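Across the two complexes that follow, chain A remains constant while its partner is chain B and subsequently chain C.
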Partner chain A sequence: MTGKENLRVKKTNLKAQKKGLDSHTGSHIKAGSGPFVTRGNIKTMSLALAVLVAFGLPLVITSPTYLHIIVLMFFYAYLTTSWNMVGGFAGVLPLGHSVFIGIGAYTSTILSLQYGVSPWIGMMIGGILSVFVGVLIGLPTFKMRGAYFALATIAFAEGFRVMVENIDFIGPLNVNGPRGLQIPPQNYGFANFMFAGKEPYYYIILIMLIGVLALTWFISRSKLGYYLNAGGEEPEAAMALGVNVAKTKLAAMAISSFFTALAGTFYAQFSLFIHPKSIISLDISFEIAFIALIGGRGSIAGPVLGALLLRPVSDFSRIYFGDILPGLHLVIYGVILILVMIFQPRGIQESLTRMYDSVVDRVVTWSQKDGEA
Partner chain B sequence: MIYLLEDAINGILMGSIYGLTALGLTIVFGVLKVINFAHGSLLMVGMYLALWSVSLIGIHPYLALIIVVPVMYFFGYYLQDIVIKPIFKAEKDVREPITVIIVTTGVWYVLDNLTLLIFGPQYRSIQANPLKGKMIELGEIFISVPKLWGFCTAIITAFGVYYFFQYTRMGRAIRATSLDRDAASLAGINQYKIYNIAFGIGTAVAGIAAVTLVPFYNIFPTVGVLFDIKGFIIVVLGGLGSMGGAIIGGIIVGLIESIGPQFMTATWTEAIVYGLFLLVLFVKPSGLFGEKHDW
Partner chain C sequence: MKILEITDMVMRFGGLTAVNKLNLSIDQGEILGLIGPNGAGKSTVFNCVAGVYAPTGGRVQFNGQTINNEKPWNLCKKGLARTFQLVKPFATKSVLYNVVVGAFATTDNTKEAEQKAIEILKALKFEDKKEVKASSLTIADRKRLEIARALATEPKLLLFDEVMAGLRPAEVDGMVEIIKRLRKTGITIFLIEHIMRAIMALSDRIVVIHFGKKIAEGTPQQVASNDNVIKAYLGDDYGVS
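Showing the complex of A and B:
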């Protein structure tokens, strides 16, 4: 919101209030309470409406195929939002986040298959393990810049994949090497994180997404968020002001790796099959970065908008053209990426928020004009 | 013991070819300060080009250089000019723009999958191949002829590129831009044109590597990915921006890959390579032969 717009709102508010005071005959605006249609109110209400629509969606969309696509869309929005804490706010380019997905998926799956531990508990254990690994990766790599950081994270992820592919057992734990792990579909129920239909998964990932978005919103307004931004944009200046850049980046990495690992458990329970090549793959790490950059790196709405745009494009082109034109969806992906980066280097989020703001503005001024008449 | 020697020789030969594939990557990084993730895909394009020029025109596999190198140069030149330059201009003040890295990844996806769409996923190789399976016998040691030629090509190309950068006017202009783009601009060098040329040279070198690979390697749409990741490791090992370093880094990786399986499962050698890569990153980020930089 720019200062000019602010001023305009204040002016119109004043006008409305004056009018309310002037007209002695039963004023329609109570003095002091202010008009109901304000920018803030509209934004809160439209957000609430969006959440309401999201919760009601499975009542309208009953096709399992479409629901599957939407679940994966939210899954990627969630992953990218988690990634955004490091890749967006801390101003580096991690390209190995599939490590954490892998840790989350393998931890909960091994624990539930071999020891009957509920995947929900395994999810938390995986998250904590992932924090340790994240800090371990972050300690040496955050000293590097740009390209080196990206390459180091790729090497960690690929090295981890090769290790998982080559290990059958860690002590008593059966990792099953390159064959992956299958979760037998039995004992459906909430405690086992296993459901026959897609709807429960939908609600779980939706709540997870809302949670991580709320956390990001909270962080971006906290001291940590400001430190991260400062350290990402001008590390030297931030350090000169007494910000411990390395420490804030590590904190971001810890949070990011924790939440990414939770998504790993979700994915394992959703697909009931994990395989090192598909889950610790470079493709997932890259796709997260793609979605973030197309949506808008370092913004809260960016990852969600990016996933909303990219995932359906890729899924539908895969469903309809996958057989005749293999690889078409990835060509479209690449072309969208290149075009967005050329014409909207800050992501689609920038122009979309501008459009949204102008619509909100119009509604506010329109309602006030209506009140004056 | 004799096997070990044979493996070592093969490792050095194959490693030098790895180094050649990574040479273009290090040239582009040295000037643009951007990791070109599309480099493997450019190599793949070069391999298809070499394959078609050999099988359609019927020339000797190595004569394909006459077609592949100029075509690849202009392909790289215009790819940088049309796709990557606008993003550089949008983020003028950033030293290593992240968006550019991601855009090169986009180029990778488009090139690989367009190839898949047009030519299909099948493996191809040269049909009437005069070099196929040719070996030199040295006592009990067998050396593959196309790999030996690849080794020679790698060494000659590395020296050629080095000479170009050190002793020609254009080479000096490119080095000036890589040292300080603003100062070079002040001296009348068109920074973006230099980027185009450097990218073109990097792509042309990928074309040379492609021609040396084609006589003994299968060609398929995702062949570049294999060389992509390996290329990143090699250039960091040797020092980003160092040309001799790229060849020597390649030889190190080649040696690990060929000798490693004598002592462990072949798939573990990959993990060793990643481990060595990370070790170099932590201990000496400028690589074995790179100059010290501020990143």
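Showing the complex of A and C:
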């Protein structure tokens, strides 16, 4: 829903901007050194516009409920983008990423509750811890293929959840077992990663999302990205071309688990309450995979588009049918997944990208005609 | 100087001895053909050299270094590249992308790798298809892509595993030309091939194996008139008259 709206906003704004450009700087274009309206320029401009719109959104949407929904939307887009480094590029299907969310959330929360460490520092420590766990999980499991790998990661995630549920103390650290941890809402402020309103959380997750998207873009154009794709598609051929497939997958896993853990801290500070069932559950792991598969695995836009499409489905079905049909959103996810897999096996990003490209092309040709006339 | 030297190589899979005490060597700049009936162990020899299997016994030396237990990706960086009998392109990616993966063997920079890949595609007269998805290539182009990718790793020794299988005669001639041009650049080539016309035209020397054992070695003419070779291919009843 929101995705389409966003697109429409983008398009109309773009036209408006172009018209303004023609009237104001028209003479400049004619005198200038080449056409201003090129594919590259339009794409950069519309990207900048999308970012601008995203930054301005809380000025328009003031309802905390809707802002909450959008924050979660970005949260899932962020998670799925982090997941995508392993699940998309490396061509495996990890279904236990909630482990890293859990590690991130528990590390920063325990450190801040018991030792007064700022959650920002706890966030980094959680990320680093998560890297170790991610590599530890990856070492034995990356030798498996297909469903076996997926099952092994599920086993790790479930094992971790059961452990946390049954442990009250790890040494001096109070994990509090199945009851979870409550963060008392006091000492608001940036240093404590705690705010009264939703807006600050909105901007934090937005910046995190932009950061992780930029990193993904960078990786996809680097040696690591090429090697991940190659190793995911044809491991034997990749090895013969100099790719240490296991090593690149571990590198991707390390990066992915680090950034997933950061999201864990964010979630803990956003909801101020964590317990094993809510953040280490398979539900989250599966939802990430759903979003990635429907949006488009291995693409940069896929996870974002998937989250923009699926999260509202989940939230509104919970709001309207939560009492009558709990879990309805998963049924809807399933139906959407089946439809997407039949008609768009590479995710909705493929057709949306094509549509976007043709719009850009049309604008370019239209502006050229305009310039000639 | 010997670029590759195989001494007493043995490869067993359980009770099956696929390669049995094989000795062969390749000089720098040479084209060596390896032939033999189906199941003779040719591809196993390749896989042992390229690091896919560690040979059960014997020694493989590349440029004077023993490489018995070396992994494929390290061998690639040392200058040993190969193609696969059953082509394995990165199917969802473009031709250029495929070759860039190979080019990354010698550089970490994406721009440099891309430039090198384009140069190689130009040299193979393949540049017009650089944006084509690998999955939509014809079999001849897929074989060419295998070669382009392998070349991008800047090999000293290239192992060609039946790069001409499944090609039409005109395409075979094209491939023979490509390989002839490659050897002029100084690359040593180790070739498995079933198409006799091609291997006779290309090889300086040919080694024939049968049930994992070497049964003949020599120039193409010597091998073609060798009694053992004729028997291996046609059976014991065919004497040479």
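Quick notes
Here, the second predicted complex is superposed on the first by the 337 of 373 C-alpha atoms of A that agree within 3 Å, B and C clash if a C-alpha of one lies under 4 Å from a C-alpha of the other, contacts with A are read in each partner's own complex, and residues count from 1 in each chain.
What we mean here is this: a residue touches a chain if its C-beta (ideal position, glycine included) is under 8 Å from a C-beta of that chain, and two chains touch if they have at least 3 such contacts.
Small disclaimer: the values here were computed from a predicted structure and weren't measured.
When both complexes are superposed on chain A, chain B and chain C sit side by side without a clash. Using the contact criterion defined above for the overlaid structures, shared-chain residue A:Met239 touches chain C, although it does not reach chain B.
Contacts of A:Ala307 after superposition: neither chain B nor chain C is touched. Of the two partner chains placed by the overlay, only chain B lies in contact with A:Phe290; chain C stays clear of it.
Within the superposed three-chain model, A:Ser222 lies in touch with chain C and out of touch with chain B [touch as defined at top]. Once chain A of one complex is fitted onto chain A of the other, the partner contacts of A:Pro345 are limited to chain B, with no touch recorded for chain C.
In the superposed model, B is the one of chain B and chain C that contacts more residues of chain A. In the superposition on chain A, A:Ala230 contacts chain C only, with no contact to chain B.
With chain A fitted onto itself, chain B and chain C come no nearer than 10 Å, counting C-alpha atoms only. Interface residues of chain B facing chain A in the complex, by the touch rule stated above, are 29, 33-35, 83, 86-87, 90-91, 95-96, 98-99, 101-103, 105-110, 112-114, 116-117, 121, 221, 229, 232-233, 236, 240, 265, 267-268, 270-271, 274-275, 277-278, 281-282, 285, 295.
On the side of chain A, the complex with chain B involves touching residues 93, 140-141, 144-148, 150-152, 154-156, 158-159, 162-163, 165-166, 282, 286, 289-290, 293, 297, 325-328, 330-331, 333-335, 337-338, 341-342, 345. Only residues 221-223, 226-227, 229-230, 233-234, 236-245 of chain A touch chain C when the two sit together in their complex. In the complex of the two chains, the chain C residues touching chain A come out as 50, 52, 71-73, 76-77, 81-82, 84, 88-93, 97, 100-102, 104-105, 108, 110, 113, 149-150, 152-153.
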